[in-house]
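The two complexes that follow have subunit A in common; it is paired with subunit B in the first and with subunit C in the second.
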Partner chain A sequence: MSAIDDVAAELARLPGIGKKTATRLTYFLLKQPRSALERLAEAITALGTRVAACSVCGNWSDADPCGICADARRDAGLVCVVEEASDIAAIERSGEYRGVYHVLGGHVSPLDGIGPEDLRIDPLRARVANGGAVREVILATNASLEGEVTATYVRGVLEPHGVKVSRIALGLPVGGDLEYADGLTIARALAARREMGS
Partner chain B sequence: MRLSQLTVRQFRNLASLDLEIPEPGVVIIGENGQGKTNFLEAIYYLVLFRSLRGAKDRELVRFGEPGFFVAAVAGAHRVTAGYETATRRKKVTLDGSEMSKLSEAVGTILAVPFSPADVSLVGGGPSARRRYLDVVLSVSEPPYLGRLTELKTALKQRNAALRRGRPEEARAFDGPFARAAEYVTATRRRWVERWHERFRELCRALGEPSAAGLRYRTGEGTDGTEGTDDADAWCRRLGARMERDLRQGVTTVGPHRDDLRLSLAGRDLRIYGSAGQQRTAAIALRVIEAETLAATRGAAPIALYDDVFAELDENRQARLLELIREALPGQAIVAAPRDSEVPAALFDRPRWQVAGGRLDR
Partner chain C sequence: MPLVTTPAIILHAFKYSDTSKIVRLATREYGVQSAIAKGASRPKSRFGASLQVLSQGTAHLYFRPTAELQTLSAFDVAEQHPALAHDLGRYAAASALAELMLRCAPSEPHLALFDFVGAQLDHLATVPPQRVATAALAGLWAMVTALGFAPTVSACVRDGRALDEGAVGFSVPDGGFLCARCTRERTTTVLEGPDRRALEQLLAGSDELPAGWTSRHAAAHRRLLARFIEHHLAEGHPLKALAFWETAAWNGTS
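Moving on to the complex of A and B:
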């Protein structure tokens, strides 16, 4: 395989990129100055070498703890639980949320071989159990059936610890993926969160 | 409801059609295997965005082609559906905008298919009758399709957890399953309640002297609690069957195990009905389908007749024509192998020939 084919094949593995787009991107890259290509290559390499999951919240970050967990101006008593680290970026875009996060790393889906023990639920329980600094946990998993099931499960795990658990008000768009919601919609969904009963 | 234009590309054996459909409909004449059933199936695809015969989308693509496309104008609306095999992507548009949920476009075009294969609705297993009910309710009651999809998702996840031997994980899906099950069974029961008298009337009108019955029957595991199908009842049933479900690796109780019981003089039509009686009951179900759509959607559906008249004796044929004049007064697409097999009452519309997937006007 030629270098062109190699790059096109790698790009085609990215979500939302088909063979055609991958080829077009490859030819675009070919026309760039060598310095630009080196910057791109270095930036991508750094993802693998410098970025790691934050040991507190699970967010991807260059530093541990991550910028959000280390920020003293943020309310550490308010923890927003999301499925994926990319959901954090979506909520941050809303500009309204001042608490911290917890990334589960997906949702319960037996069809994909993912049970509750495969998610970062135990670290969340430990965070809540540890010293009572957490006042409220906001469950912001997706509005899909699996997201709801995951939220219900997490609520059950946290219940014995007496912490307030609320659910984001998801009248969110199709599939209910936070990632695709605009900032205003997310701000409203957070503001209208409701305490989850048992 | 009236279809005025139809476009078909690479659907089954139909390569390329661009047609103006006459107001009363058409008569399509062609030998078996030439494409007349596929033509009806292409139209019906725009009702539910699925094959009316239960085929998978990729099986609908013409041999060697990358995908198919069907479009129609009905009244003020234009509906299109396309499918691409390589990406397994289905795209549905309504009046030019892509629908993110298919259910938003379901029911824009209303049609009722009549086929000799309908006899399996009566003589076949419960899944054919559940499918019938689910199709009728999905097209007539907009929330139904969404709730049914939730039920199926919860069921698949729950079964996967059971196969993994994880009761805890399976139980996590009991809530969503039970809530969707409550809606689905209540809606199905309400429909049976509304139409069982009509089923008896129709069977009589079609020449069946004994009393025909239509009942909703819940599957095993609901003994003694029939009729109480709220979410709590479903949760209790799921709980009671957990051990058995774990052993079998499937959920053994739920609306996916229910059935419509069709009877004649109290005897199960599936087991004791003659071929003629089963055919009569199947036609009655299709007429009820048409009446349900007209009642809930406010428009008479398009009738799609696939060679259904030849196998009826003259008497039954005359009675059926009488019934459909009222129940399906709108457009009719009538397919048959020969002119002589189309009843005179339906023959007064333009006649097209189909051969090798091509139409000749």
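Moving on to the complex of A and C:
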């Protein structure tokens, strides 16, 4: 395969990029100065070499702990639990949340063979059990059946630790996925969160 | 391609590309079908939140009998069963049932099976908490029976001899109870009297708690049913939701 085919094939593997777009992007890159191509290549390489999951919250970051966990102005007693790291960006967009996060890495999905043990639930339990610094855990998993059942499970795990557990009041109209909700919707959903009963 | 409308249950849904979803549907009139919902992963999709696993409703499909992948034009939700998500036992059992329909149902339409699965989802969502485990067992055994693999429990499955009262052998490969002589000859699970009666009760479709029923009994019955399904229905395919339900990894007690 030629270098052009190689690049087009790699680009075509990206979400939302078909063969045609991949070819167009490749020819666009061909017209760029060599320095621009090197910057792009280095930036992409750095994703693999410098970025890793934050050992505290699971967010992707250059630093460990990540910028959010390390920020002393944020409220470490308030932990918002999300399915994916990309959901953090959605909540940050709301500009209303001053606590920290915990990324589960997905949701319970029996048909896909994903059980609670495949998610970062034990690290969450450890965070909550560790010294009682956490006052409240907000479960912001998606408003889908899988997101709800995951929230149910996490609540059960945290219950013995006596921490307040609340559920974000995100309605299904947005499609259930946090990443699609706009900042205002998320701000409202956070404000209207409800304590989860047993 | 004609647009058809049929009652349907969403058995599985997953993202396909950045913008679309693929749903696996049990349909009343066209059997189990895969369909692409174009644009369903877009923020303001006309599908909204309608494409939830285990939802029941009406599917509008551009349908071609020979196509592997149909096109879903819309899905009108009638019931999303939110109660299933408030209890992992209910959710796991409903998922295992959906998986059986997805992997083991005949390709041609099967009206009774479709109606049965719908009724079972309703039942699992509403049965009292203490009966979730038995309702799941009874429901999955009924599904096995509806698929044509009912175990033989009225006589010895190997030679038709009458069965003694009390303890009895159960052979998964043979597919049912064994008489005393066959039990001696085969390596087999022996069901003591109460466990035998519990199994007979579950096979009769009852989710009443059998006498002396504990979480240990529930676990043993889940194991037996899972082995039976793996041997007779799975054809070597891993059944992930069934395994999830069997191990009850979420608590180990129910």
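Miscellaneous remarks
Convention: the second predicted complex is superposed on the first by the 194 of 198 C-alpha atoms of A that agree within 3 Å, B and C clash if a C-alpha of one lies under 4 Å from a C-alpha of the other, contacts with A are read in each partner's own complex, and residues count from 1 in each chain.
Methods note: contacts are C-beta pairs under 8 Å (C-beta built on N, C-alpha and C of every residue); 3 or more make two chains touch, one makes a residue touch a chain.
Worth saying up front: this structure is predicted, and the values here are computed from it rather than measured.
When the two complexes are overlaid on subunit A, subunit B and subunit C occupy overlapping space and clash. By the document's definition of touching, both partners, subunit B and subunit C, reach A:Y153.
Once the two complexes are laid over each other on the shared chain, residue contacts for A:G16 go to subunit C alone; subunit B is not touched. Contacts of A:A143 after superposition: subunit C is touched, whereas subunit B is not reached. If you count the residues of subunit A touched by subunit B and by subunit C, you find the higher number for C.
In the superposition on chain A, A:Y180 makes contact with subunit C only, not with subunit B.
Subunit B is struck by only one stretch of subunit C after the chain A overlay, and of the options 167-175, 185-193 or 221-229 that stretch is 221-229.
Overlap of the subunit B and subunit C contact sets on subunit A: residues 108, 110-111, 113, 115-116, 145-146, 148-149, 152-153, 173-174. Remark: subunit A residues 18, 108-111, 113, 115-116, 145-146, 148-149, 152-153, 173-174 touch subunit B in the complex. The touching residues of subunit A, counted against subunit C in their complex, run 15-16, 108, 110-113, 115-117, 143-146, 148-149, 152-153, 156, 172-176, 180. For subunit B in complex with subunit A, the touching residues are 87, 100-101, 150, 153-154, 156-158, 160-161, 163-164, 166, 168-170, 172-173, 175-176. Remark: subunit C residues 11-12, 14, 17-19, 43, 45, 47-49, 52-55, 80-82, 84-88, 91-92, 95-96, 98-99, 102, 238, 240-241, 243-245, 249-251 touch subunit A in the complex.
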